[in-house]
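The two complexes that follow have subunit A in common; it is paired with subunit B in the first and with subunit C in the second.
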Partner chain A sequence: MVVLREGMCPGLDEDLVRGLRAADIKTVEDLVSSDIEELAQKCSVSYKALFAIRRVLLAQHTAFPVSGADLYEELLSSTAIVSTGNPSLDKLLDSGLYTGEITELSGGPGSGKSQVCFGVAVHISYQLKQSVIYIDTTGGLTASRLLEMLQAETTNTEEQMEALQRIHIFRLFDVFSLLDCLHGLCSGGLQQASVGGGSVKAVIVDSVSAVISTLLGGKQNEGMSLMIQVAGVLKTMAKDFNVAALVTNHVTRGGSGEVQPGLGVSWSHIPRTRVLLERVEKAVAVSRPGLRSATLIKSSRQPCHIKEEFDLQWWSRSKGGPSLGKRKLDETDS
Partner chain B sequence: MLGYVSWRDVLKKLTLAVTMQRPVSSLPLSPGMKLKLVGAGFQSTADLILLKPLQLSKETGLSQQEALEVLQAVRKDGGGGEGSTSLTALELLQKEEETRSIITFSSQLDAALGGGLPVGKTTEICGAPGVGKTQLCLQLAVDVQVPQCFGGVGGQVIYIDTEGSFLLQRVIDVATAAVRHCSLLVEDDEQRAAMMTFTMETILSNIFLVRCHDYVELLAELHLLPDFLSDHPRTRLLVIDSVAFPFRRFDDLSQRTRLLQGLAQQLVAMATRHQVAVVITNQMTTRLQGNQSQLVPALGEGWGHAPTIRLLLQWAGSRRLASIFKSPGNVDATVQYRITSDGFRDADQSEQPQRKRPRTQTDQSASSQPDRRLLRCLSDV
Partner chain C sequence: MLRLVSILENRLNAAVSTSSSSAGSDEATLRSCLSRLLVVHCSSSSQLLLTLHFLETSFSSRPSLALLLIDSISAFYWLDRCEGGASLAKQEEKLGKCSELLGRLLRDYRITVFATCHAIRRSYSGPSSSSSSDSDRPYLCRPWQRLVTHRLLCARQEAANNMAAAAGSGKEQRRRQLFTVHCTSFSSSSSSSSSSSRTKSYRSSSFCVTDGGVEFI
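== the complex of A and B ==
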């Protein structure tokens, strides 16, 4: 994987690197997978020296086995379950978003994905007093709506302002700036964001499909690679910095009209938990217009296809007044 | 035992440091260049950061120019994501409060949208033929120029016409009506001075019309627009009427989806970076589900995510209704409107739909808007 350079390990000096190059050995991978004895003859170096170098390199680049007990201890000390602030969703997700994992929300236009993201961001910043990173790729983030949700929680203006300051927003519109941003967060950005009080507990990407689906389809296969890059860095970030990653995805309609999350099969392996949001059929919705249903379609903890209903108007427990809600569905809607 | 543990920790940190490196394949470079880099054994940015361009071009077979490009991309990444600046929600809120919305001349629709069409967001207007999509666009093209002292935004407009439905005669009607309306509202010297420059001629000269005949022209125009917007910083509105027309007779559907998604991201980026309201119109199509048919916006399910706000214009008997179908900041609502010779207006009070939605919240947000004076006057007209 890594190019051989002098000084990488004891015994690997400039002459040797040059000699190895001549024998077409450029990277650590090449060296490790080559036949040492043959190589020693080709480069006229001692077999012992090469063997030692190979051992050190292997030790440097290997992954180490960890015992289950250690892992469990680490899990107990580092994993947190971040409540979404909505009892129905918490029930669906087995009490909330897990740090170190990617959770996905998918749904059609107007199904409430962004509203759920807003709700989670507000709950974490106000109730849990932790920071949130919100990456907006669709231009859908409306700060006045965040304020409205906060006003339902508290009337104290100062607390509202403090909570808003704990939500850090990136507005990016293409996949390369998203990758830049995520890598930036991994190499120091997350710590910086937590300086203002409260560590970062969640990274929300709304929506991940908007930037990726522009690259998929047609004869380009670079899009697939970039999609996996995004997935990889999201996973690394979630795991290494113990944050919960929440992403949104669009939906596509299958041949027989059934709804399924977008981005295809390769992406479906990435999120640990997937939730599908839908508008509730109109007959029921006339009396309770903000009603949405959430279906669990992938989970490693709960049985799949559990369905919960919740009302976007009553996000924060059940006290927010009806006038503070978001949606009024109309009979004339189609 | 202790020694073993610390050794393991060191190694773990080492492997962590390795995994933290950004892979070369995630850099914004052309696939060919990436292939050459990876082929020469450069997998992560850490391998590249210390190299000189000459060295790199010798080792990989890239030209010196390309090698320089690679190193620039790598070094930029080292800055810790400085290219994309973050802001807190509080700062965003302040920004949102500073920007005014574009009024529609229908006080009810303005109230439902929280003060008018938001600047910096994308709005889609869908509806059946003849329901008033283009009329609303023409009205907005005039409204965006209402001077700031009258509660407008005093901006310019780019109007991309793909259907050939831009009627100059209608613009003149609407503009004359808007000028007449504002001249009735003049109260102080500032407004009197503003009226000197708010005439039908200046309104027409502030509309930049682009006629695109097919989707290639449309996409090309959108690529050039950021430069145009930088040259004309007063532009506050971009209208595309309609986005559906050039894309509807398209054989390769996956190609269409990809182009449309790219177009949507371009529009969102433009709206945010240049503080422009983007208005796109869309046609309706019939979706068959079992033996039921339903009228839905065209261009498919994926496109539905593209606009931030979706406005649906439809007929209900002889009345015209506008519904907010999707909006992150507003309650879904339906209001009635009419199209007069003067443009897009409120329906008469007597014809209002019987059922009313609770308006407490939208009224509050409307009252906080600076253009309230104008709104009130409008409903009196």
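== the complex of A and C ==
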């Protein structure tokens, strides 16, 4: 909704705005939808002038059509596939996280959502030398864990610090600060984060359900609206700035007891790709506590229900046993 | 978009292999196909409305434009619901205007409009209790409902049925996901008649998704 103001375009002066307002034309939408001929008579302005104003306003406020060929060309040059650092996950995701898209990880407590996010963040910042925005809404992020993962990659402290500097962390605990933060990122925050080093390639929100699920339910629909707003700004950001958005979600059980991602049907349309993480309950799992299974439950590229097993310890593989106990602890606050 | 191109490539390749024409102009064909596609990104319902108005000039200047795809018409449903406050009229105002405009475009330019609409609520009752669940009930405003002449309801088939279907068809199907689509056509004489007086006809079929896009079985 865009309210008509004087000076918005040539010819739209104070008198005309007042005249239009008297004719119950308050917004650009009103003006565009109205019958120009009739309106010209009512406000006693020339049809031609009003028509020109309408045309300018339309051109100012519409989304401009882009030819498919141009869009394809642009996508070819701008889209990057960001590796998660884990070959099994990459295989599942058709070689990684695509920039311009929202990918969702869902899973119960301890299924490794946060750990995967950490791993992706560390991989992008250290291996790919690009920046990452990490929005932590659960308080589950510990810098020491990131450092631990980095220490597994390199023993060079300077490189470790550089990599950590490329991970920009936001801690916020309600949906309004999340929206603020995302809007801020869209209007300059992303460029600012790119100043120090590589450009921002991924925005991780862990977890998106923590701030949204509390708003849902009941008869009110403000929660739904806020959820769609978060989705909208995430999508716009992913598309306009060519970043991969990675969000995490909790799981619920459906009517027939099957595990499904949280936030309901309306949210299910938002992420382009959805992956369900589960703990592997097998004999081998005893010796490998980091083993998880990932199931693709939504994708536009791969057939769904492909399952891959992967080890959370992949991201800290060169590190020996001592980190094991610590890892388990960290996991519980996913 | 990338997926769209890969589908297009797949189809083009299939066409080339059957017609055995010169394969050199593959890329050029792809480009020319893509250049006939216009893509618009809208981020709010008012922008959608303004864009539709803007597109009217495109339709009048380019008679070759024949199809308008909207994915999805319900994208701003919740935003509008909240923005409109307590009054239902206000909530539905923009989509109502869009629908009116679309109706005019349909009439004046003889285009086809194909829109998707999200299912918004899962049925709370168990699968056995009632046949029509909450999720397939139309919920958008009445002007839009009046505009719709064919409703397709897509659903992913359950795994058990999937197996049976695969076995029944005899073809070797390596666990392909089957989808069903249920079409309801409203053949109304005039657009002003209410939905209750419209006659309905049903048809069902199923499809699966392959590298070449959607394939009906």
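Simple rule for what comes next: the second predicted complex is superposed on the first by the 313 of 334 C-alpha atoms of A that agree within 3 Å, B and C clash if a C-alpha of one lies under 4 Å from a C-alpha of the other, contacts with A are read in each partner's own complex, and residues count from 1 in each chain.
We adopt the following convention: a contact is a pair of C-beta atoms (placed from the backbone, for glycine too) under 8 Å apart; a residue touches a chain by one contact, two chains touch by 3 or more.
Quick caveat: nothing in here was measured; it's all calculated off a predicted structure.
Engineer: Scan A:Met161 for contacts with subunit B and subunit C and give back first, second, both or neither.
Structural biologist: first
Engineer: Look at A:Gln229 in the shared chain and tell me whether it touches subunit B only, subunit C only, both, or neither; answer first, second, both or neither.
Structural biologist: Both partners, subunit B and subunit C.
Engineer: Quick check for you: in the superposed arrangement, does A:Leu71 touch first (subunit B), second (subunit C), both or neither?
Structural biologist: The second partner, subunit C, only.
Engineer: Look at A:Ala63 in the shared chain and tell me whether it touches subunit B only, subunit C only, both, or neither; answer first, second, both or neither.
Structural biologist: So A:Ala63 meets both subunit B and subunit C here.
Engineer: A:His305 in the overlay: touching subunit B, subunit C, both, or neither? Say first, second, both or neither.
Structural biologist: second
Engineer: Considering only touches as defined above, state whether A:His250 meets subunit B (first), subunit C (second), both or neither.
Structural biologist: first
Engineer: Looking only at subunit A, is it subunit B or subunit C that touches more of its residues?
Structural biologist: With both complexes superposed on chain A, more residues of subunit A are touched by B.
Engineer: Between subunit B (first) and subunit C (second), which does A:Ser266 come into contact with in this model arrangement: first, second, both, or neither?
Structural biologist: second
Engineer: Figure out whether A:Leu216 sits in contact with subunit B (first) or subunit C (second), or with both, or with neither.
Structural biologist: A:Leu216 contacts subunit B only, not subunit C.
Engineer: Show which residues of subunit A both subunit B and subunit C reach, each in its own complex.
Structural biologist: Dual-contact residues (subunit A): 1-2, 27, 59, 61-64, 222, 225-226, 229, 232, 236.
Engineer: Enumerate the contact residues on subunit C facing subunit A in the complex.
Structural biologist: Those residues of subunit C that touch subunit A are 1-5, 31-43, 46-47, 49-51, 53-55, 58, 72, 75-76, 78-79, 81-83, 94, 97, 101, 118-122, 124-127, 135, 175-177, 209.
Engineer: What residues on subunit A touch subunit C, complex-wise?
Structural biologist: 1-2, 27-29, 32-33, 58-59, 61-69, 71-72, 75, 79, 98, 221-222, 224-229, 232, 236, 239, 254-256, 264-266, 269, 300-301, 303-305
Engineer: Per the contact definition, I'd like the list of subunit A residues that touch subunit B in the complex.
Structural biologist: Against subunit B, subunit A makes touches at 1-3, 26-27, 30, 59-64, 108-110, 114-115, 118, 121, 125, 133-134, 137-148, 161, 164-174, 176-177, 179-181, 183-189, 193, 207, 209-211, 213-218, 222, 225-226, 229, 232-233, 236, 240, 250-253, 257, 262, 289, 322-330, 332-334.
Engineer: Quick check: in the complex, which residue numbers of subunit B touch subunit A?
Structural biologist: 8, 11-12, 14-16, 18-20, 22-23, 25-28, 31, 40-44, 47, 76-77, 79-90, 92-93, 95-97, 114, 120-122, 252, 254-255, 257-258, 261-262, 264-266, 268-269, 271-272, 289, 294-296, 301-302, 304-306, 308, 310, 312, 314, 316, 321, 323, 325-326, 328-334, 357-358, 360-361, 365
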